[in-house]
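Look for subunit A in each of the two complexes below; its partner is subunit B in the first and subunit C in the second.
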Partner chain A sequence: MVGTPVLFVAIPLLAAFLIPLLGMIWKELVRIVPGLVLIYLMVLSVNLLNHVLVNGPIVEVIAGWAPPFGINLVFSAFSGFLVTLMVFLGLIVWIYSYRFKRNVGFEPAKKYFLLLMMLVTGAVGIVLTGDIFNMFVFIEITGISGYALTAFYTGRDSAEASFKYLMLGSIASTLLLLAIMILYSQLGTLNMAEIATKIHTVKPAYKVISLILFITALGIEAEIFPLNGWAPDAYAEAPGPVGAAFAGIVVKASVYAIIRYIYTIFDISGAYDFLIIIGMVTLIIAEFAAIRQEKLKRMLAYSSIGQMGLVLVAFGFGTKEGVFAALFLMLNHAIIKSLLFLSGSYLVYNSKDKTIAEVNGMHKFLPITSFLFALGAFAIVGLPPFAGFWSKLSVLTAAADSHMLFVMSLILMVSVVELVYYLRVVNRIYFFKKEESVEAKKPTFNALIAMLVLGALILVIGFYPDVITGVIHKASADLMDKTKYINDVLSIKQ
Partner chain B sequence: METFSIIFAIFLGGAVLTYFAGKLSSVVQDILFLATVLVPTYLFFSGVSIGSSMPFSLEGISLLWGVNHFGWLFSLIVLGLGSLAAVYSVGYMKGKERRGYFYLNFVLSVMSMLGIVISQDLISFFIFWEIMTWSSYLMVIYSGNDVQRIGIKYFVFSAIGAYAMLMAIVIVHSVTHTFFIEDMIQAYGQMSLQLQIWIPILFLLAFAVKAAMMPLHVWAPGAYSNAPMAYTSLFSGALSKMGVYGMVIILVTMVNRLPQGILFREVLAWLGGITAAMGTLWAIKQDDAKKLLAYSSVAQLGYIIVGVSIGTELAMMAGLFLAVMHALFKGTLFMVVGAIEKQTGTTNFTEVTGLIRKMPWTFFAALMGIIALAGIPPLGGFIGKWMLYESLITSDHYLLVILIFFSSTAAFLYCYKFLFGFFLGQEEKEWAHVKEAPATMVVPMVLMGIFMVVLGTFPGIVLNPINNGLMDLGYVDSYKHLWETSIIFNSWGDHVILQPILYSIMGIFIFFLIFVLWKGYKGTRYVTTKDISSSGEVPKEDENLTFSVGFMQPFMRAVAPVMRRQMDKYYTGFANGLEGLFDFVRRIYTGNAQTYAVYVVVFIVIVLLFKDVLF
Partner chain C sequence: MKKVIVFLLLATLGVYLAITFFNIGFGDPHFVNGVKDFYLKETVENLHVSNTVTSIVVNFRGFDTLGEVTVLFLAVTALGSILYKKRHEVGARSVLFSSSSVVTAGSKLLFPAVILLGVYVFIHGHLSPGGGFQGGVIIATGFLLMLLAYENYSVSHTWLSIVESLAGITFAGVGLLGFMNGGTFLQNFLPTGVLNNLFSGGVIPIIYIAVGFKVAAELTGVIYTVLHEKGVK
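Take a look at the complex of A and B:
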């Protein structure tokens, strides 16, 4: 054993508190320490994931109280996969923003990295925890750092975006707490495994209402239509790497929470079809809205929402193929959408309104960034031989296996829409005349590294998807096996 | 088979190396590019034998690459035309910008087309199909003209087709649980009638888009004329044939097994016929050689579609023979236009005239191409047309014969316009400086011209592989004794003796040649455009008096009612309607936090109201 799951929460949280203090010693430490923490967590999560894939899940008990009384953390193939993904993205965002924020001075940088650490803590905590109230706490941590990061540029617009996020976020917390209260009042326990064993004793009305409240609350964070009003503004006004972190980390954690409730905790079969319905609606509305956007990051935000809708649809099939497809899609979306946000924010770096028209002719000035953006655009619409193709193929295969031909044809039609708006932007970058007023900003060295790593991953997964599919297959099998999860948690005695 | 891996490694590695070699020197880049196309071509034809295959697996899906007779026939088109067009491109791209970009996409296109014909499973087929689509898309937008309209139109149509195909693929997979084409064909017989009808439709949608069949052809004129000519020769010559390739497989292996009474073939054949007729009419109307050839491509593909969708053995052969011929002559003609564009800077008939003395070799290639296109003996186009007519008549499609006959007769008009407009007529001072194109451009064109002559006399060279390919797909060979030694002096087809026909046509031709030469020799007087009598008026300097202006006006007036309805307008209207819908959807996000909070409440209320239905 190289470490325990509790380190994933403890270390970044500790680092977040230490960052201001370390900054007093040497200002550069503010930038270095988060990186060291994330590298350590990356190594740890890969090691643990390897261990878990062979030996089965690790259940960690906090403070010596065995479940169902104490809080426990579960590092299984499924949650481990997501944690690794999140930590990896955190690391990429750190590499990208290491010097990106140097110009902004010490104070903002301190806050930025502190909040980034908090964000990672919260998101990883959501995925690892085995206790619904503990999950609520982590959702709050994630949310609060998210609000603050949205308002990073302390302008009028970012303050407004942050306020919208805060407002909807508070509604989400209220609803979530209400849902938890209903369950607790009926069952007297907060442990997920314990609830799962007893859920059939709850009266259907209570069960359904608490599920609806859960889905609404988490749906706000997971950008489900029509609960996602905050998302486009937040993505557009937050700094580029924060957009990547939202798409790659925060939303993934919220989707995880929804899936955990529907797959493990509740036993309502209609919930799967409900996932397909809300997923499809989210996908269609978001992609339709994206095509008419004028700002680049807003377009990416809507595209991100749409992809999350597709993930929910894939989870909604409820089959092993569906879960596999959804996880694959989450992985690809995290990689590709991050690349798009990271490269996109350089394409509109110096422009005032960040509109799509201002990326015209940028390829002459930012050849590598433009190329990576184009690569990301090709990958996310699912053109082979790039990464996005395999996940799209597995979604469609899963749909066909579940005999959802109508859903499948809708997904494909929406894909055409998606294709159009991405190609329009890529065409602008490469074939339009540059606007005189906009000055290109060369990416810093470390930002380039971060983007190139993501670009390389897209190609590697595209040409040889087997590097990752083995892990995803195990992760999806792990999620499908509800009884094993319950047994693993409840068999712990300490 | 290791050769497959080596071939594709060379293609991919070479494409990337060629792209970056531009930083070193352009000569190195040219050489690398040629090597990247020619070496795999050599390896393929020397190292890969028919029947060889390579199974492997990716993402838990077993895949299979292999060569059968039918695929080999198309690989001949792809690699043959690909190599010649590659040599041509080196000359064509000299001094142009974005050479690396051009070469990269050229190689990727050739690679993906070869991949399509050797794919024995649907997944690699689809992957190569999509690579072909986006690499050709990148070529269409190469010039940067009107990329948002022409480029995206091409990609959207291709994507709709490709996604239809993808849908069919996953449906087949959900029934058979494998992706092998072989298994799909075998399982097809046991599927429900509904699937039996829908799967071919979905596949044919993809193939019809690539083969530019009406009403899915609207992308073609823009895309063909917008891509650089060196690529368009491959685009129209080989890439569109991938649609034909897929169509033949689907028609033979699936549609043939459908119960009687489902008029698949009839509908397809009529669409092909209409494509041929309308394409021809539109081609006649064009003043730009690129556009003319683009529409002519659409029309010619119409003939091919008619042939393969009639589906008797003779019709199939006619279609496939025409496909090979079309690759040759349309490849040549686009190269000719490219050469003229390079030397004069324009491709408009109303501007360039009288190039015959300046570009004699190009003229020779153009002449061969035009003769083959028009279907005049002794070139190969005649053979294909003849077989097509015969197969239509023997299978009782008399109305279609009339339609095809009309369009191939009307095709003479644009053939004439092309040849006369560019090469004959008065020599203008403006073009006195024009010289013959460089050797790298002329040699491929002339070579292809010679091939066409050879194929006209010895059609067996191509008919034999076609015959083998059709046997691969399950046809019973009833003409074998004819193809083995087939030359035009044999009696063949339905035992029609071609010899007298050929001789009489050649006799008439020679008679007229002598007559014209004799007449012309006596009264030759060189004139320029301004040397005209015009009722006492002196034409102004800037007036365009080239004879090509308004060349076919009476004819166009006669057919105007047919051409008034354009598919393009309907599509544009539909797209505009969609944009309106998207704009409406966008307004759901008002930007007001209170609205968003209301949405949350509404969501909860709706879900609570319908909770009994939902959960």
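Take a look at the complex of A and C:
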């Protein structure tokens, strides 16, 4: 053992408080330290995940009080898988923006890297914690970092986007707190495992209203329709790497929270069907909205919302295949959508309106970036032999296994829409004549490295899906086994 | 039409929530269950802390408090990053009128007293109502008084930032020390002393003093940043 789960929170927090001091000693440290922390977390998460896959979950108590009296962290195959994914993406975004943000001043750079690190920490905390109020605190940490990063460029539009996000996020926090209050008033405990054992004693009225409040609150962060009004603006106005971090990290954490509530804590079976319906509606509306977008980042944002809808549909099947497909999709979406955001923000780097029309003929000036964007576009619509193909295939087979042929056909239909708007962009990059007014911006060395790593991963997972499916199978089995989760947590004694 | 629909939806939600909370039944038998008895018992018997709220906030659920402190820290950082470009030179404030001599003379007199009260509140957080957050806010109001009374009163941002960082490091560091000594993060590793003494409760007073300094520095920073915001006329 190289460490324990609490270090995922303790080390970044310590570093966050240290960074202002370190910045006074040597200015470059504010850029380097968050990266070092993320590298350390990456090593830690890979080591712990390997340990957990063999030896079973690690449950860690905090302040020496066993559950349900204290707060506990659970690093299982499922949460460990997501933590590793989030920390990896955080690291990629850090590598990408290390030089990207070189031309900004010291103060904004300090804040950018600090907030980026805390965004990852908050999301990791959401996934690790075994306590509903503690999860609320981490959602706050993630949210506030997100609002601030959205407003990074301090322009009028970014302030508006950030304000919108802030308002909806605050409503989400309020509803979440109400839901936690109702559950606590009925059960007198905040521990997830303890709640799961006692939830059948709660009157249905309270159970349903708290689940509704939980899903509404978390749905705002997870971009579920019709609660996703903040998302397109925030993605479009935030710096490119922040968009990647939102799609890869924040949204994944919120989806995790919804799934944890429905699969582990509550025992309402109707919630699964609700997930399918809400997921389908989100998917269809988002994909049709995406095709009408003129700005590249807004299009990617809607596509991201749609993919999240698909993830919820897959979780809604409630079968082992469904969970496997959903987790696989989450992994692929995190990698591919990040690549699209990272490469896309170079394609429209100097253009005035950041529209799709302005990427015309970019492949001559940015060959690698264009190629990687095209790779990402093909992968996300699910063309073989790229990574996205396998996850989409597993969603479809899971739908077929659950005898949901209608859902299956709808997904296929929507995929055509998706194909259209992605190919439209790729077509413009490769076969249109370049606009004179738009000057191409060469990506920095670090940005190229970050994008190439993601591109390579897409190919590796595409050709050898077996490297990752074993882990996902274990993770999905871990999520499905509610009794084991409860036993693992409640068997801890002081 | 749209407004009517929104109103109806909100009204339905409101009524539903109101009924739920009306029938929640505070004081009913099922409220006896749960973790509260354990907290009441352990606080006095093992932690030797007379303020149960403090022991829950700082010890049982200290991890949440560390998170909340971080939330405040991030909010201040975020405010700084949004208002960064608008920062003005010292002295040019958005409060236009100058204070009367009664206010200036009075605040000089009150300022030490307010600071003293704040310090008292957070040092006695484990003995009496109050604590780090409350004490910190009281101290920040002291600085607010001075900033409003004197046009040229300025607070060094560097020092605020240093105090804030050191206090945060103390909190996280105490947590990590517990991790190294006792085995888990934020666990108490100091002798708990005698109930109702100033030096009791193990690490709780240390954490609360750190929180007090941190909240005071952060809120003073917020007030200072907002007061010197440009463009509000």
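Simple rule for what comes next: the second predicted complex is superposed on the first by the 494 of 494 C-alpha atoms of A that agree within 3 Å, B and C clash if a C-alpha of one lies under 4 Å from a C-alpha of the other, contacts with A are read in each partner's own complex, and residues count from 1 in each chain.
Note that a residue touches a chain if its C-beta (ideal position, glycine included) is under 8 Å from a C-beta of that chain, and two chains touch if they have at least 3 such contacts.
Treat the numbers as computed from the prediction; the structure is a model and nothing was measured.
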Overlaying the two complexes on subunit A, which is it for subunit B and subunit C: clash or fit? fit
Which partner does A:Val6 reach: the first (subunit B), the second (subunit C), both, or neither? second
Name the contact category of A:Gln293: first (subunit B only), second (subunit C only), both, or neither. first
First, second, both or neither for A:Ile268, with subunit B first and subunit C second: first
Just subunit B (first), just subunit C (second), both, or neither: which does A:Pro108 touch? second
Quick one: classify A:Trp65 as touching subunit B (first), subunit C (second), both or neither. second
Return first, second, both or neither, reflecting whether A:Leu48 touches subunit B, subunit C, both chains, or no partner chain. neither
What is the contact status of A:Leu18 with respect to subunit B (first) and subunit C (second): first, second, both, or neither? second
Contacts of A:Ile209 with subunit B and subunit C, given as first, second, both or neither: both
Taking the superposition as given, tell me the minimum C-alpha spacing from subunit B to subunit C, whole angstrom. 5
Where on subunit A do the contacts from subunit B and from subunit C line up? 209
Which stretch or stretches of subunit C touch subunit A in the complex? 16-17, 20, 24, 26, 30-31, 33-36, 38-39, 42, 59-64, 66-68, 70-71, 73-75, 77-78, 80-82, 84-85, 158, 161-162, 164-166, 168-169, 171-173, 175-176, 178-179, 182-188
Subunit A partner contacts - residues on subunit B that touch it in the complex: 58-60, 123, 126-127, 130-131, 133-134, 141, 144, 147-148, 151-152, 155-156, 159-160, 163-164, 166-167, 170-171, 173-174, 579, 581-583, 585-586, 588-589, 591, 593, 595-597, 599-600, 602-604, 607-608, 611, 614-615
Where on subunit A is subunit C touching in the complex? 6, 9-10, 13-14, 16-21, 24, 60-65, 68-71, 107-108, 111-112, 114-115, 118, 125, 133-134, 137-138, 140-141, 144-145, 147-148, 151-152, 154, 159, 162, 178, 182, 184-190, 205-206, 209
Per the touch rule above, subunit A residues touching subunit B in the complex are 163-164, 167-168, 171, 175, 208-209, 211-213, 215-216, 219-220, 226-227, 229-230, 232-233, 268, 270-271, 273-274, 277, 285, 288-289, 291-293, 378, 383-385, 389-390, 393, 396-397, 399-401, 403, 405, 408-409, 412-413, 415-417, 419-420, 423-424, 427, 430-431, 464-466, 469, 473
